[in-house]
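The next block holds one structure in the form of structure tokens; read it before the comments.
Which chain is which? They are A, B, C, D, E and F, in the order written, and residues in each are numbered from 1.
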Amino acid sequence: MTDLSAAPGFTARPKSSILTASAEMKRRNAAEARFKAYGMIAVAIALATLAIMLFTILRDGVSAFHQARLTFPMELSAEVLDPKGNRNREEMSKVTTVGYQKVLSKALLAELDRQGIAQEGVSDKEIGELISKDAAGELRARVLADPALLGTTITANVLATGRIDGFLKGRVTLETAERDSNISPDQLRLAEKLRDAGLLRSSWNWDFFTNADASDQRPEAAGLGVALLGSAYMMLLVLVMCVPVGVAASIYLEEFAPKNRWTDAIEVNISNLAAVPSIVFGILGLAIFINFAGLPQSSSLVGALVISLMTLPTIIIATRASIRAVPPSIRDAALGVGASKMQTVFHHVLPLAMPGILTGTILGLASALGETAPLLLIGMVAFVDNYPSAPPEGFLDPATALPVQVYSWASRADPAFIERSNGAIIVLLVFLVIMNVGAILLRRRFERRW
Amino acid sequence: MNDMTRTGLETETATAKISARGVQVHYGQNHALKNVSVEILDRAVTAFIGPSGCGKSTFLRCLNRMNDTVASARVSGQILLEGEDIYDPRVDPVQLRARVGMVFQKPNPFPKSIYDNVAYGPKIHGLTRNKAELDAIVEASLRKAALWGEVKDRLDAPGTGLSGGQQQRLCIARAIATGPEVLLMDEPCSALDPIATAQVEELIDELRASFSVVIVTHSMQQAARVSQKTAFFHLGHLVEYGDTGDIFTNPKDPRTEAYITGRIG
Amino acid sequence: MNDMTRTGLETETATAKISARGVQVHYGQNHALKNVSVEILDRAVTAFIGPSGCGKSTFLRCLNRMNDTVASARVSGQILLEGEDIYDPRVDPVQLRARVGMVFQKPNPFPKSIYDNVAYGPKIHGLTRNKAELDAIVEASLRKAALWGEVKDRLDAPGTGLSGGQQQRLCIARAIATGPEVLLMDEPCSALDPIATAQVEELIDELRASFSVVIVTHSMQQAARVSQKTAFFHLGHLVEYGDTGDIFTNPKDPRTEAYITGRIG
Amino acid sequence: MSVLMILAAIAVLAIAAYFLARQRALASTNGNPRLLHSLPLYYGWYGTIAVLLPSLAALALWLIVQPMVIEARISQNLPASLIADASKRELTMADVRRVAGGLDTAVAMGTMSEDEARQVRTESTNVRDKLAAVGVALGSEVSKEVLSAAQDYRELASWGAAGRTALVIVLAVLGLFWGVTRAKADFRARNRVEQVVLGLLIAASSIAILTTVGILWSMISETFDFFSKYPIQDFFFSLTWSPNFRGGSDLGILPLIWGTLYITVVSMLVSVPIGLFAAIYLAEYASKPVRAWVKPLIEVIAGIPTVVFGIFALVTVGPALRDWFAAPLGLGDSGSSVMTAGIVIGILNIPFISSLSDDIINAVPQSLRDGSLGLGATRSETVKQVILPAALPGIVGAILMAASRAIGETMIVVMGAGAAAKLSLNPFEAMTTMTVKIVGQLTGDTDFAAPETLVAFALGMTLFVITLGLNIFALWIVRKYREQYE
Amino acid sequence: MSDNELHIMSAFDRDLEALQAHFLKLSGLAERALTDAAKALEALDSPAAERVIADDAALDELEEFIQMEAASLIARRAPTASDLRRVLAVMRGAHSLERVGDYAKNVAKRTRVLPQSAPVDGHAGTIRRMSALVTRMLDEATRALVQKDAQLAEAVRKRDLDIDQMYNTLFRSLFTYMMESPANIGPAMHLHFIAKNIERAGDHATTIAEQALYLATGRMPTDPRPKAGIETEG
Amino acid sequence: MSDNELHIMSAFDRDLEALQAHFLKLSGLAERALTDAAKALEALDSPAAERVIADDAALDELEEFIQMEAASLIARRAPTASDLRRVLAVMRGAHSLERVGDYAKNVAKRTRVLPQSAPVDGHAGTIRRMSALVTRMLDEATRALVQKDAQLAEAVRKRDLDIDQMYNTLFRSLFTYMMESPANIGPAMHLHFIAKNIERAGDHATTIAEQALYLATGRMPTDPRPKAGIETEG
């Protein structure tokens, strides 16, 4: 059977010392080096793009956390703001923001005079325009809240208009101002002086986190408050709806489902749902939850329902994978000592799969947090400047979400919104990082239990 | 010669614990077990040997209805545990498995403490009323499994941290803890090295004082070493069943002879 | 008695193929192999036996530098293949491994056709100039591996579709095809059932006509059956090395005696 | 009793059932748990389930059916003019509900007594003002019919509430008796409890199917609607896409498909080589620490929301391509282009391909690597000749899935590729895709019945079918592959 | 040697010990048979001789049991090294003991047919002494084997020479006796064979001692057995 | 029985065959020794007797080699069932053959010291015939063992009775011869023992036949060996 002689091939390899590399060997080693280099280049490209992306986002977005403000003393003249003089709120509310606007610009002018800063061809009106249109409303609310302020001199700390803010951040320059109908180079020069005088300065911008969105005219006042709250509501709902259902479905499919056509269909279905384009879920939400079930548009509940359906397959797949990763020997062991199938699952399989389930869940939620397209279709892109109320009613109130806010700012004309959009991205990414780190920590913690 | 006590074989009272009668198993179209009838003696070790795929594991798993978990398996025939048919519809397989314990090929301790591993069975079957009773069961089981000495100071350590042989003995202790009458073992030593194997074999030999033990093994030597009765399976048939000493010195069936002498090609 | 040919042992010319001198292996802090010196004979089967973790696999993997792929392993001492130090910096392990082939514990055929499995080695080493030569090598290797008859009609079938024992013989054919001088086998039968094991053992016995074969095994019986020389390792030491017949009937070292008679507790 | 109160009552009964059943079971064996068929807690759970299951089911059913019944009754009494057609009727019913709700609030806040609320008439009171005072804003004056209908509504609702409470509580109590009386030693409590849990599990897993049904259902009727208004052959074979909201649009899908495919191809050209080589490097070459850092870093890309990539395309990649390639080469001056979107989608897909491929490469057993290395193969030979062929089906599956992602990707295209439907070969020109148009057509302020809006559903359907096909194909390949090593 | 340690599998130890216990019992039976036969001869006690003959069946049966048990032990436990040597030594030793039993039986049979007039007195004493010596050798050889005592075995082996010398003396004495009268030839022939039998029993004791040496050292002794003339051979 | 099939591991078959080949060779040696010794006796050919004596060393050595080889085979191959019985049968058979060799050597030694005047003619022929018969029995018994031929073995076993009868006849003839003259007593004693030796060799052939039966059936024959009087026992 083992006729050696009939093996011509065995003489083919010349017997050589292992101490010298053959020419063939050198060629093969060169190919090896090349191949490895391709891999490193690919990794380098991937990491470089990531770095560039994060860099541009940071570069363009960090400035959103600072905002230019004008600080000057201002007398709240009672005659103008409370013409009847009886401090009746209803009467006082008849004075519109335009009135306050005037008071503000007057006070600024006065301060300029006092400090001896020349106007240099900038008209009074144009000086007034340096103050954000938001400031008047803010001031009005403050006065109405506390009529006792009338007649006193307070220090006004008001937002500067977006272009001035942009100028301080370098986004607006004298050259761009030439072409800009909203601001003139002269105004910028004046702003420069104001800055030198200490009237104008850039400071940490809490409002960015708390304000609602603002109209195109006043990007400086736009904030993430509603989006944050909306995202938070949605995540809460998704968590409550998705996780129990996802885990239950996974348990059934992995542990109990008989292998037949029906469960096969469910299985293919789930894998497929995980890959259905998100926009299709948007259509689903629009057609079913809004048009058919009549739930209110733009509400976080509808958003959460759509996102839940999208996330469910992800969670099911992650959960099933980690359930499957529990070695069958554990199940045999439990069944072997007389545990029922259900006991086996709940006593052994599920606890062992928990780290995987948690990680999958958190990662699923994280991607849900960043989902945009379907939300556009159910109207969450609408301009919402009221905070939704507290749950549970708040779930039905119109809201928006972080990524949608990013999109809607990015699609506005004013470059100041691009900055805010990037700022919002940073906030979003911080959330994602926190969730991911949370996933890792939770996982570690669970694993240490054994 | 018959009046003398044979050294290897001291089965005094040869009462049958399990009687299988005409057991057939199909996996879908595959007729895996064909009309197997055998009596498993009480307080003796019975070994199942045979070539791969001959149905040893299948038959073993019939004995505590672990085959119920395989959707495609159909079992017919009768298996009586002390005279009661375990395939009777009234029998709850979960309860049956508490009486007919099982130990698997690869040691599979739960990733819990040693104590919890052993205590699991008694807990789910509600065998104890308080912690003291549970402690007693755990200790007794570990002692029986010849593991108490090695682990008594670290009952809280994870069971998975033990060596392979210790893990397998832990699994045996776990099976013992529910107070079974029969212990089924499917190739319990095939994942162990020779020393751990010898320790487990030694344990099996001791266990037969209190249990009826059935062991599936690929190693004929192992069957020869630990068992008093040997059953040889071939292509789904039970070819020969008899005293281990006889099977290994003087088998009746030429197929048995061919297999144990290494001639089936 | 010495003038008689001992049936089991026909090593005519006992020339050393590999000489290991004072080999030490550390895995990080773990001193896994301690000053092992041994001569592996040409055209003979050498078996490494010993308890789990004693360093058998480690030493085996030193012989073709498969330990290079383990980052933490440090090897010192000398291993000479026909007088040349295989740990010389000029040695390309890739070239070395073509001369010192390896067969693993679990059969690991590539998921390719049977033909491609065997042709793989000759192809990457450029051993053939044309298809005819390659065909010849493939056939010769399969013949040597005692597999030709079973697969000659389905060389295009996937190698993974063979039975376990056939797969392992395919892996041996694959290793043979590069024309190695030494074949290293790490527990080549531990994943096989007794019949497949016997077939592979039979093959190993035939292979020693042309190769120097080194086999690591947990089964002392296997070492006894297939090898002419046996080396017993214990705690990283080479305790005893000698003719297999002597080791199994009359070992010199009490540790060897204790191990092979099943006494190390 | 309000729903919340009912729930609280049921909860109390359920807890009571737990302890009673458990107690009774134990008592039946004189406190010896060993004689029970199941552990005592299962008897408790059985009691709880016996309380919860019927009562909650009845409650849910009632809550769904009651409004329907009430509305049917109410609309019978409303004048025909108010319920002329479906939308009118819907509006009226909404008014009725709102007024009824307002009255409830008013009573709750104490501005109206219960009697007042029942008796109040439009003739005597300005209901709108009254309700505004308690914070319920009504769009128009409250008509007489609506007010009386609202009062009927309240009446029926309060009866309904009473009936609901009675039924549910009775069921819960009956359940409690049932559960507790059955708790005896030989009752198979565990098996029963497990059956119920299994039912819940099955229900949960059916949601996936429901979702698909929902998707199809939500699109099919609108799609048919669309095709009834717009010829199907024009949709599939017309070369122009120019929706016109005043009607007479050209709604040919081909330019959109062209844009979609073009962008997908560009993205695959970016993601496949980079992703694959990165995966190979990480799986086969990288040292442990490098892998430990680089792999998660690359996966970070996958975690970044697509809208961020959109911004990246819009702000960074688009202008850069325009300024450095398109403009100098004279290929156009658009920041939005196929290239922009394609490259950015490609980047987005890198981690997807690299991660999946990495998993698949890692799933190739180490023994195959050992086998090849042991024969004297170099690492690259091992990868090319053993590992990749073994992993190929899986990798192809991953690539197909990535392609389907690229096809379905929305935000990046919306922000990076522009909105012009064009059939052009120039990769630096703006083009658009189906997803963009879906968003565009559905967020425009058009009549929901116009073909210009409905076309979005047809697009969605087409997109769904394409990606479904791709995904099923990919799944099939991946599954087939998976079986190889199992 | 480490084989005094216990096996991990204690059943193996038990089996080995049981085998040796049976072996010791067999040795006891053989020794008693020899002693009894010698005594019966001295007293020309036919019934005693009958008993010896009858008892041989038990001895044969025990020997076969031991052989079967040993074969079963080999089949079931696949002993190696010292364990294997021990089993083989016991098998061979048991065979020797069985032969000793046969010789005792033959002595008894010849005793039965010896005429009352036989000239037993002079020779029977020598034969009894010889048989006592052989009995002691058997006892010691068996012990040497079971206890793996090479020294004791060597001593037994040396002692075989004494038996041979006693036999030679007896041979000459019987020869002379036969010359004296043809009537003596018959009984003398029987006595002759009886002496020869006991000498052979001594040889078997020596064989057992050699097995003990084999067990202890792994080799059969290579120096030739001490012999004292053709009479004691074959 | 299936043990005529080959083992999967052919080295096992080779080992077993080698062992049996050695066993056959040993049997050949023993048979030749017996024949040669008988011939030397008939011719009272001292040099031929010397050769028989010298050749016994090779026989002893071969026997020990077989024992070692068999032990090694047990250690290395852990035979069971028929394989084990075969090895054990060979071991016991080899021991018997070695004993046959010893007897032949003793015959030769006695031949050497027989006076030329010895009354060989009458008896030597009978002895040669006896030894020829034993030789044939040995040959057949060995073959029966190697070929596992129960029938042949049974036939050999039956034939032992013939040897016994021949021996008894010879015994009586020699007895008469001794009576005739005291001078005859010495040579007759030698012839006596020679005949006894050959009879014992026949017993050993029977033993080998019994081993063949054991091998073929797994049991030692239970019916007692046919015997013809005390003379042929022990």
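By definition in this document, contacts are C-beta pairs under 8 Å (C-beta built on N, C-alpha and C of every residue); 3 or more make two chains touch, one makes a residue touch a chain.
Quick caveat: nothing in here was measured; it's all calculated off a predicted structure.
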Practice task
Enter the minimum step count from chain C to chain E; a value of 1 means the two chains touch.
Solution key: 1
Problem - Fewest touching-chain hops separating chain A from chain E - result: 2
Exercise for the section: Name the chain whose C-alpha centroid is farthest from the C-alpha centroid of chain B. Expected result: A
Fill in the blank from the handout: Here the gap between chain E and chain F, centre to centre from mean Cα coordinates and rounded to Å, is 21
Completion exercise
Per the C-alpha means, the centres of chain A and chain C lie apart by a whole-Å value of 60
Practice task
For chain C and chain F, let me know how many angstrom lie between their CA-based centres, rounded off.
Solution key: 47
Practice task
For chain F, write out the residues touching at least two other chains, lowest number first.
Solution key: 7-9, 12, 64, 71, 75, 78-81, 84-85
Handout entry: Shared-contact residues (touching 2 or more other chains) in chain D
Key = 190-191, 378, 381
Exercise for the section: Mind pulling the residue numbers of chain B that touch at least two other chains? Expected result: 94-95, 124-125, 195, 198-199, 220-221, 224, 248-249, 262, 264-265
Practice task
Could you run through all the chain pairs that touch each other?
Solution key: A-B, A-C, A-D, B-C, B-D, B-E, B-F, C-D, C-E, C-F, E-F
Handout entry: Of chain C, residues touching chain A in the complex
Key = 81, 84, 86, 88, 90-92, 94-96, 98-99, 122, 124-128, 133-134, 136-138, 140-141, 143-144, 146, 149, 177-179, 206-207, 209-210
Fill in the blank from the handout: Within the complex, chain C is touched by chain F residues 7-12, 14-15, 18-19, 61-62, 64-65, 68-69, 71-73, 75-78
Completion exercise
The answer for chain C against chain E in the complex is residues 220-221, 224, 248-251, 254-255, 257-258, 260-265
Completion exercise
Within the complex, chain D is touched by chain A residues 28-29, 31-32, 34-36, 38-43, 45-47, 49-50, 52-53, 56-57, 60, 244-246, 248-253, 256-257, 265-266, 268-273, 275-284, 286-288, 291-292, 309, 312-313, 316, 340-342, 363, 366-367, 369-373, 376-377, 379, 381, 403-404, 406-407, 410-411, 418, 421-422, 425, 428-429, 432, 436
Practice task
Spell out the part of chain B that touches chain C in their complex, as residue ranges.
Solution key: 51-52, 164, 193-196, 198-199, 218-221, 262, 264-265
